Amino acid sequence: MVSADDFFFRGLNIPGNTSNPQGSVVTFATVDQFPGLNTLGISLVRIDYAPYGLNAPHTHPLASEVLLAVEGTLYVGFVTSNPGDPNIKYKLFTKTLYPGDVFVFPQGLIHFQLNVGKNNAVAFAGLSSQNPGRITIANAVFGSDPPINIDVLTKAFQVDANVIKYLQGQF
Amino acid sequence: MVSADDFFFRGLNIPGNTSNPQGSVVTFATVDQFPGLNTLGISLVRIDYAPYGLNAPHTHPLASEVLLAVEGTLYVGFVTSNPGDPNIKYKLFTKTLYPGDVFVFPQGLIHFQLNVGKNNAVAFAGLSSQNPGRITIANAVFGSDPPINIDVLTKAFQVDANVIKYLQGQF
Amino acid sequence: MVSADDFFFRGLNIPGNTSNPQGSVVTFATVDQFPGLNTLGISLVRIDYAPYGLNAPHTHPLASEVLLAVEGTLYVGFVTSNPGDPNIKYKLFTKTLYPGDVFVFPQGLIHFQLNVGKNNAVAFAGLSSQNPGRITIANAVFGSDPPINIDVLTKAFQVDANVIKYLQGQF
Amino acid sequence: MVSADDFFFRGLNIPGNTSNPQGSVVTFATVDQFPGLNTLGISLVRIDYAPYGLNAPHTHPLASEVLLAVEGTLYVGFVTSNPGDPNIKYKLFTKTLYPGDVFVFPQGLIHFQLNVGKNNAVAFAGLSSQNPGRITIANAVFGSDPPINIDVLTKAFQVDANVIKYLQGQF
Amino acid sequence: MVSADDFFFRGLNIPGNTSNPQGSVVTFATVDQFPGLNTLGISLVRIDYAPYGLNAPHTHPLASEVLLAVEGTLYVGFVTSNPGDPNIKYKLFTKTLYPGDVFVFPQGLIHFQLNVGKNNAVAFAGLSSQNPGRITIANAVFGSDPPINIDVLTKAFQVDANVIKYLQGQF
Amino acid sequence: MVSADDFFFRGLNIPGNTSNPQGSVVTFATVDQFPGLNTLGISLVRIDYAPYGLNAPHTHPLASEVLLAVEGTLYVGFVTSNPGDPNIKYKLFTKTLYPGDVFVFPQGLIHFQLNVGKNNAVAFAGLSSQNPGRITIANAVFGSDPPINIDVLTKAFQVDANVIKYLQGQF
């Protein structure tokens, strides 16, 4: 039996706990927490940022995101995709958002938000999938289980193994 | 030349003017106002409600909507679709939302929000299309240009022509 | 074991019983009656109209419809969607159809057909979903179970509670 | 300026001229004839069959089809797809349709209708695309411009060149 | 438990056995053989051709195909779709491919490859579905189980029953 | 005028020039080089790897990829997406591929290939979009134009600014 509670989710008024190294936390209302979204192609998140807190560069493999700043000052940006020519630089688009400002992150692109104010910041975002997924770049690249082969990473980042091991050691 | 401003939209912090008969107003960040959403399958709106203000029953023909209450107390609901059997009653699902509560309105279904508190209310909503469209039922049925033939409406609503004319006169 | 009967449906030659207040009836060949349509994105209906019979204003939340008049004279129409500006009137597009005439109702828009002849009328329609759904506006708004809150309806239709109760009493 | 005529198409009451070798003719209401179907994912056709007339085996590369027999007696069928194993025979599903019977032809599969009665037959069909396309197998294989290389056809049909030339000579 | 083997498939280095009447064989890495492709919208095949071997005219009802010649010389082609006018000839587009050449066969269109060299030929192809399906025209038309009614085939191919029986006898 | 050349692309037999820091190069047959792919949802690439050459960790925001090893020995892998919980580690799935082996990289996930043999390696890959895009992680994160703010990167990678500047200096 379907009831109204199947279409209802509670708790996006509660600030998330930002006591973590990034100083930010995402509270999800996606299909895992909110089964009524199934097949509807939409989900919602709340993002809290401590002062200088960062929602680290990440992608959503299956969704575009439209973010609304509601408190604080956020420096946000995304890096473009390109056809794959190594001689073409990826472009970075950035903007400083104040409450009421909106920015869109197209599907699959690397994006981030940094709280550049002295106070907490809050944003809400809509995503174009009930199941957007998330890949936090630093964690996926340097902190996967098992780790990515060090030869892959030294070559990709063009640094020696000690630098890579140091980076891996952070995760 | 593409720039960051193409992905940016401003003004969802500004309360809309609710001095209208419904006591509510929707501020849109859809592709008409925000061209950077094109092809991205997502948009955002802010909804302001005066005390007892109503976002009247309406549908989005091309989008599901996930709504987040951020201020005030909202009585929200939607009516189901059914396979078309006139002996099956349409079901209404309703919920009272407080700040931080979320409700989802599936694509194409008639839904509404009523501010049932004494103060202003505010909600934000994500929609699963850059171009969701909106059909406000009362206005589309009784206030279209030109009006729907009165024989259609008397039969559909099973009332006499005077009642229909009275309803049409409101729009 | 799949057999030819899985792709077969019978009975669209039989006039439906139009002895009801609307004077019309829809006979469905959608996935509920005809499981072989599953995943195929198409379905079919037959609509019978008594003289002056009405297929009342309704929407299909998940399908466009192309209707072919085969008997009688049908006055048909649909009301557009708009971006949501309350100062923009919804437009009504109508046409009188004779046998062999075709009209299309885009996905999610409110549409209707009225038999304006003295004899029975018949139409067939294709829909762009195996499961188009149907929302008959008057029934969904004034006859849902439970009823929509009267404060919602008085405000939406801008009439007093007696008019709404009268309308609800018809369903 | 959009008008009601953009959503209107006329003429599916007029029997098509079946004085051709196949003894059948299709009258189309697809996006080429009926531009209002654009983006709506649906179209309609009328098919007329002289006695013993055939709508020859064909596919629609981009649409499923649901066919309604309205006059006469039609022997209809389609051949399945398979994963490509040459040892698996393609299955044929057939049915004899009388007025009011419906049959569905899934997207891309080879299908046909044969009038097996002594009188004219008529069918209407809905297709799940505004632009379904049509590939009549015999004409595409033996009557293309320029012709398919005879070595391809002799090997595919496992007959000698004279048979192929004879078949090509029919188109 | 998901493991790397779920995303892995082996054996496309092994020449298929072309000792069959067509002198060609397709080795599939589609979802039936390779379940990890599920929902991913992509698959791969290897095609081997003996000298003068043919991958006979066929369609994929649910996929476009991009083919890469890697060994030998292939004469390839496809026949267009058209809106269904019997007076418009289907067009044939052909090309001779050498190693490194690529040709694309749009979804649902009849296409073929013929090895026109004295040596074996090999191609790989990507398909835009995990489950493209395959309909080999000659086999589906003249070799289905049960056979297509001979009246259908004589009329479609405009030849007498003996020719059709002869063709059916080959399958 | 459409001709066969519109569906034809040449040159995937030619080894790409791997004299670059990564020791690998991708030759594209996507819609930018091969306009005939437009709307067909498929494309193809050739990848060449010098000994120990790397196709560095990257994503395709709009396509899944199925890769076929044809020469050499490739160590390949991808990192999963997760719902965004920072306490859940991203999983790495890897495999060593020999000629004829196939591996699939689901849409939007970070993946790589490393030539672990002493000789050149070659692979071909099909992608489920005519326009898959590519984001090489290291270049997009440390080499964008303009660079990503150093505060974002120090916090994301949890290292000091000197390490980030060193990494940025490589691009």
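Letters A, B, C, D, E and F name the chains as they come in the text, with residue numbers starting at 1 for each one.
Throughout what follows, a contact is a pair of C-beta atoms (placed from the backbone, for glycine too) under 8 Å apart; a residue touches a chain by one contact, two chains touch by 3 or more.
Note that the structure is a prediction, hence the values are computed from the model and not measured.
The minimum number of touch steps linking chain A to chain D comes to 3. Path length between chain C and chain E in the touching-chain graph (shortest route): 2.
Chain centres were defined as the mean of their Cα atoms; on that basis the chain farthest from chain E turns out to be B. Where chain E touches chain F, the two copies mostly use the same residue numbers: shared numbers make up over half of all numbers in play. One inter-chain figure worth recording: chain B and chain F are separated by 44 Å, centre to centre, where each centre is the mean of the chain's CA atoms.
For the pair chain B and chain E, the distance between C-alpha centroids works out to 50 Å. Mean C-alpha positions place chain B and chain C at a centre distance of 21 Å. In chain E, 77, 94, 106-107 are the positions where the chain touches two or more neighbouring chains simultaneously. With chains as nodes and touching pairs as edges, the resulting graph is a single ring in which every chain has exactly two contacts.
Of all residues in chain E, only 2-5, 7-14, 29, 34, 36-37, 40-44, 63-66, 68, 70, 77-78, 93-95, 98-107, 124-128 touch chain F in the complex they form. Against chain D, the residues of chain E that register as touching in their complex are 20-23, 26, 28, 30, 32, 52, 54, 56-57, 59-62, 75, 77, 79, 81-84, 86, 89-92, 94, 106-110, 112, 114, 133-149, 151-153, 155-159, 163, 166-167, 170-171.
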